[in-house]
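Quick notes on the structure that follows.
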Amino acid sequence: MQQAIETLTIPTQGQGLYEFTPQVRSFVTNADVATGLLTVYVRHTSCSLLIQENADGDVKTDLNGFFARLVPEGMDWLVHTTEGPDDMPAHIKSTLTQTSIGIPISDGAPVFGTWQGIYLFEHRRQPHRRDVVLHLIGDR
Amino acid sequence: MQQAIETLTIPTQGQGLYEFTPQVRSFVTNADVATGLLTVYVRHTSCSLLIQENADGDVKTDLNGFFARLVPEGMDWLVHTTEGPDDMPAHIKSTLTQTSIGIPISDGAPVFGTWQGIYLFEHRRQPHRRDVVLHLIGDR
Amino acid sequence: MQQAIETLTIPTQGQGLYEFTPQVRSFVTNADVATGLLTVYVRHTSCSLLIQENADGDVKTDLNGFFARLVPEGMDWLVHTTEGPDDMPAHIKSTLTQTSIGIPISDGAPVFGTWQGIYLFEHRRQPHRRDVVLHLIGDR
């Protein structure tokens, strides 16, 4: 049994979904593990992780549109407003999605379905650099 | 340390919750692991996973009712509409629930609480066959 | 490769977020693992888990406020109402957040970001005692 761990830094340019499936696949390939478990973990509370369809870019547009409507800026009952109008909505959107996702490894690759990709979901308006930890445990 | 991996195929007949706790328990029993970690992963983006109460069927009805109201068909601002009126709401409902769930194993069984069961949450109207990967790592 | 498993009991006094980051850190320190994977799992369906900002208490207030508005008591279409007006909303809030969270371990500690803490999110009004299972697998 062996392990590998690495931190990706993903630059973001405002709200939306940023796919990083290729970096995840490379990490798994380099780790040389046939069967195991990959964990993807984001070290922030104003962005999050999603597995979603990567075939049609419109899906990303609509996901972003839904969350912008479900958790709008300017809700007048919010008390945590000192870090800007997009900050507390960003924390809420993070809690509605994922901070961590586990993905089994089989035949040396993540068991993603045909249309699945993994995304960083940025909830802040300003550019950020986001740290995502990849951890793998398994057997050759 | 040892591992086991298997893919379940779960047939669905429209929107709703489909419990597969017995199949998960059987997989763990057959793997003969006393302490470990089970990961349940769904290979699709228009259905998802849930752990919920399995004592009263009304809970399933109300969960389905809530998500149908939170993410209704026919939101007029959607752009991804080519795969039918239930498709984009299905993707959104998936992002609000789980693609992957990790469950510790103790004394040879998942540490489910008394009332917990694991469900596939189907978000599409048509029948589907859904692949769910079970992965286990642990010790005898 | 080694494992550790332990159950924390967290007392709650009504709806809100209860941080237990120190107990998680102690468990990892005592397990004496340098690199690995921690899984935190809650054995209930009317409370849940969150990783969120632990710097400003107002974030907790607003998270609680958002979920109280998104899933209000008294929705007149609910059928599961026998366990009190806060019960079915509690199940729904649980499905919108997490039952299980995986956190990589590096250099002997969880890879939490600077502002991240882990919380039990209680959705019931009455006091409860909540069981949270901590599982760790890794190497010295």
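The letters A, B and C name the chains in turn, as written, and every chain counts its residues from 1.
The definition used in the following text is that a contact is a pair of C-beta atoms (placed from the backbone, for glycine too) under 8 Å apart; a residue touches a chain by one contact, two chains touch by 3 or more.
This is a predicted model, so every value here is computed, not measured.
Any chain touching chain B that also touches chain C appears here: A.
Although chain A and chain B carry the same sequence, what matters here is overlap: shared residue numbers make up under half of all numbers found at their interface. Between chain A and chain B the centroid-to-centroid distance comes to 19 Å (mean Cα coordinates, whole Å). Looking at chain C, one finds that residues 1, 37, 70, 96, 98, 101-102, 137 touch two or more other chains. The residues of chain A lying in touch with chain C in their complex are 1, 3, 5, 37, 39, 41, 43-45, 70-71, 75, 77-80, 82, 88, 91-92, 94-96, 98-102, 131, 133, 135, 137.
Residues 1, 35-37, 50-53, 56, 58-59, 61-63, 65-66, 69-70, 96-98, 101-104, 106, 111-113, 115-116, 137-139 of chain A are the ones that touch chain B when the two sit in their complex.
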